[in-house]
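This report concerns only the one structure given below.
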Amino acid sequence: MIELKDAVKAYKNGVKALNGVNLTIHQGEFVYIIGPTGSGKSTLIKLLDGEEIPSKGSVIVAGINVGKLKHSKVPIYRRNIGVVFQDYRLLERKTVFENIAYALEVIDAPKNIIRRRVREVMNLVGLDDKGNAFPSELSGGQQQRVAIARAIANKPKVLIADEPTGNLDPTKSDEIMVLLEKINREENTTILMVTHDEALVNKHQKRTIVLESGVIVADTFQGGYFKHD
Amino acid sequence: MIELKDAVKAYKNGVKALNGVNLTIHQGEFVYIIGPTGSGKSTLIKLLDGEEIPSKGSVIVAGINVGKLKHSKVPIYRRNIGVVFQDYRLLERKTVFENIAYALEVIDAPKNIIRRRVREVMNLVGLDDKGNAFPSELSGGQQQRVAIARAIANKPKVLIADEPTGNLDPTKSDEIMVLLEKINREENTTILMVTHDEALVNKHQKRTIVLESGVIVADTFQGGYFKHD
Amino acid sequence: MINRFLRHIKEGFYGVGRHSAMSVSSASAVTITLLLISIFLVVTSNLEKITSKIENSVKISVIVSYDFEAQEDLDRIDSQIKNIAGVKLVTFSDKEMEFDFYINSFPEEERVIFEPYRSENPMHHAFYVEVNEGSMLQEIASKISAIEGVEKTNYGGESSTMLVNALATTRQGGFILVIALSLLAIYLVQNTIKLTIFARSNEIWIMRNVGAKNGYIRAPFVVEGIIIGMLGAIIPILTTIFAYIYLYNKLGGKLLSGIFVLIPPHPFVLYISCILLAVGIGVGFIGSFFSVTKYLRWKR
Amino acid sequence: MINRFLRHIKEGFYGVGRHSAMSVSSASAVTITLLLISIFLVVTSNLEKITSKIENSVKISVIVSYDFEAQEDLDRIDSQIKNIAGVKLVTFSDKEMEFDFYINSFPEEERVIFEPYRSENPMHHAFYVEVNEGSMLQEIASKISAIEGVEKTNYGGESSTMLVNALATTRQGGFILVIALSLLAIYLVQNTIKLTIFARSNEIWIMRNVGAKNGYIRAPFVVEGIIIGMLGAIIPILTTIFAYIYLYNKLGGKLLSGIFVLIPPHPFVLYISCILLAVGIGVGFIGSFFSVTKYLRWKR
């Protein structure tokens, strides 16, 4: 499903965020990506999302060579993957409802289906009463949940989440984890989740990939927040 | 040092984020504010920072009635308090160095002192090599540390931090905590810290205030991530 | 498909409302631009009409030599003049008429001086030639001069050609200025729209993040641009209609006690209004289209 | 203090560089505006000069009645005319001169007709009056008519007043248009600057968050505005200088074969350049000052 081959990402200013990453993730897997701040986790996600192009190597998702996609084809590719960005990326001038609906409108879903599905995911993340609020009127954790709701709205084949629980309290984090596990189990969605939350990783044990300074230093099913030194 | 009396905050759209908060924090204290997402923690901080005006009650910091400050006097008041915002609020078009320096420039600090102090705080948060990077070129955790560095740069009497470790790995979080404790101890800075990090709260035990739906449901020195139900 | 079209239209209207400050800025840029264009259009159109009228009223007078006063000579000259390209109308005026015309140009009390001369009339037969275009006066006059039997031609002297040339220059200059200023003004509006869209480039980028194709992102912005263009055209159109009708009535349809006749408002202001609306819509469309396209390429 | 001043200047320059796309947008709005203003200024200034020249060349001719031809009467009339406010120059022309002048207006061959009348000269004595302002022609003429011994006055007939009035109207209209268009254009620029600053309102807000006073935040934006105003003035100034000198030389300093004399370029283009620079700086300053002030109040 996801395959990185010798992926290197050097930013224009010379920073090498990823330094030869080889990684295979199969359909239906649930994988944590952990690692210290600045180790290249978000960069890895940007490569998978097509936002950045690998300087070397290749990134293949669902058979598509993401780095080679034409600029105009990138959005179409993205319809198959849901991404929760570390900085949320909500449309400021749209309400919560409209933000989530937008992801369904772009694939020309019928109006009534959109309405039903948006209500459904808003309920899943616990935001039933915030449909008409604008992002600026939400708390940090509420914005984060809107981002999660939007990412899962059109039932993507791959869900990529960059610290989806960074601004949530432990109870809410746990609820979101349970939700993601359910999606993973029931819809067979491949899930890739970047997290710093030790408690979460220890509680819901999964395959865990540890990044450090742009290279994978561990890839283990042993579970638990892996301390590398 | 900080005193809230019956503070109520109702936003324009009718949401009552704080519903009668009474709170006294003395000079030199280190206080955690915890609570579920959307419980009003950031709103409390916005009241302390003068960004929002209490709908009822009063907010007094260092003898100043913050809600009654004239619009033009607000920035001057802010020079005495350092705030780490949940959304960082870095100047996009300034480099890391300039962002931190700006907080010192506004109080007309001499150039060489600014330079020395900026290097010092960049070192404290572990960003020595990122001085010339723009915020968009930083990882989430790096941006967060710039925000911390800026808040402590001019040695404020009160330091208010809204989830300063939300995007940091456990090791880095711990380092930042140690740093804050040191500032609290050595400079006698009053510190108010909003956090969701159970591990942190349990490890570095302090006075802990628990907010829920806009009211304080617990204020305890017992330490530990308080579960209220 | 229809659904989607309607959705874009709806989104466009929402956009105008939600970014009201920016919409007002863009629309006011359009308004000012169109006001300028309207003033120029009205002035040049009237100038155009006035000059062509003056040009038409300038005639060439053709003096027939004393030796060619026979009827056959006159007929020949008449037909030769008529054969010249650009000649509109030729009228004949005989010696007697010329004499009357001449003495009538003097004050009544002085006319008696000339009466004794009527018997030995010193005037010539003459033709008066109207031409299609004032700018051809000189050329046609010299062709007429070459006809056998024509003693000399006269077209109001140098001052006449000069006036006609001056008006032609003004008209041409005015036309170029209108085009140039319109282009500059349109650039200004496009610039303004670009800035309003720049303020939303982040939005465009996020839309791509969520899977929206470029065309899908562009559509509501373009609708918004068109709406802004139309809104911006309202004031200039109303101003043009009412101000022109008011001025026309106030001046009695004439400028400078009647030498210059103004274009009647009735269909004229409608044409101008259509042009303004078209320019407004066009500018809004083009401005938003290209600006969005530019920011679509901002990030992948 | 000096340090702080320099810091703001430096920040202003940095700002122009770091927001280069927006700076180019604003500066080009300034450029277009100033080009418009420059064209208008050059045209109106020249129109102003031309009309005042024409106005000055129009004289009132005063015909003295046959019954008041005694020298004392003539002296009295002369001094009475000179006493009227607005009269610049009075010259006397006796019957003989008038007769010569009259017959000289005919073609040589026809003059013989009039010679017999010289002995019983039917002409009148006359005064020619120059006035300070063309617009006062009618008023002064009627005052002169009221003087005892003046048979009638004439000031080139209706057409003369009409021409003078037309030019005065054009000049006034042109002046109002210059002012109005300049104001509109300045509004446009201000609008553009407002939009560029809108795109940075977040920045302004964050600065307040960090403890920057309003004046401290405003200063570099204002410096930026001034720099943009100056940059935007470069092209219009160069264009004005070179285009005017080129046109002046090409036309030989005259319009329409010499009736109208153009203003010599030498100090003129310098004045225009100064005005353009001043407007550019002024617009940049005002535009940025008020826009920042507006967004300073956006949040607490």
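To keep things simple, chains are lettered A, B, C and D as they appear, and every chain counts its residues starting from 1.
Here is the rule we go by: a residue touches a chain if its C-beta (ideal position, glycine included) is under 8 Å from a C-beta of that chain, and two chains touch if they have at least 3 such contacts.
Every value quoted in this text rests on a predicted model; they were computed, and no experiment measured them.
Among the remaining chains, those touching chain B as well as chain C are A, D. In terms of the distance between Cα centroids, chain D is separated most widely from A.
Between the CA-based centres of chain A and chain D the separation comes to 67 Å, rounded to the whole angstrom.
With centres set at the average Cα position, the gap from chain A to chain B is 28 Å.
Distance from the chain B centre to the chain D centre is 62 Å, each centre being the mean of its Cα atoms.
Inter-chain centre distance (chain C to chain D, centres taken as mean C-alpha positions): 25 Å. Across the assembly, chain A contributes no residue that touches 2 or more other chains. Contact with two or more other chains is made by no residue of chain D. Taken as a contact graph, with one node per protein chain and an edge wherever two chains touch, the assembly forms a single closed ring in which every chain touches exactly two others.
Chains touching one another form the pairs A-B, A-C, B-D, C-D. Contacts from chain C toward chain A in the complex involve residues 3-4, 7, 15, 18-19, 200, 202-203, 206-214, 216, 297, 299-300. Chain contact summary for the complex, chain A toward chain C: residues 49-53, 71-72, 74-76, 78-79, 83, 85, 89-93, 102-103, 105-108, 111, 150, 154. Residues 21-22, 25, 28-29, 32, 35-36, 39, 110, 113-114, 117, 122, 158, 162, 165-166, 177, 181, 184-185, 187-188, 191-192, 194-196, 198-199, 255-257, 259 of chain C are the ones that touch chain D when the two sit in their complex.
The residues of chain B lying in touch with chain A in their complex are 11, 13, 15, 34-38, 41-42, 86-87, 133, 137, 139-142, 145, 162-163, 166-173, 196, 198-199, 225.
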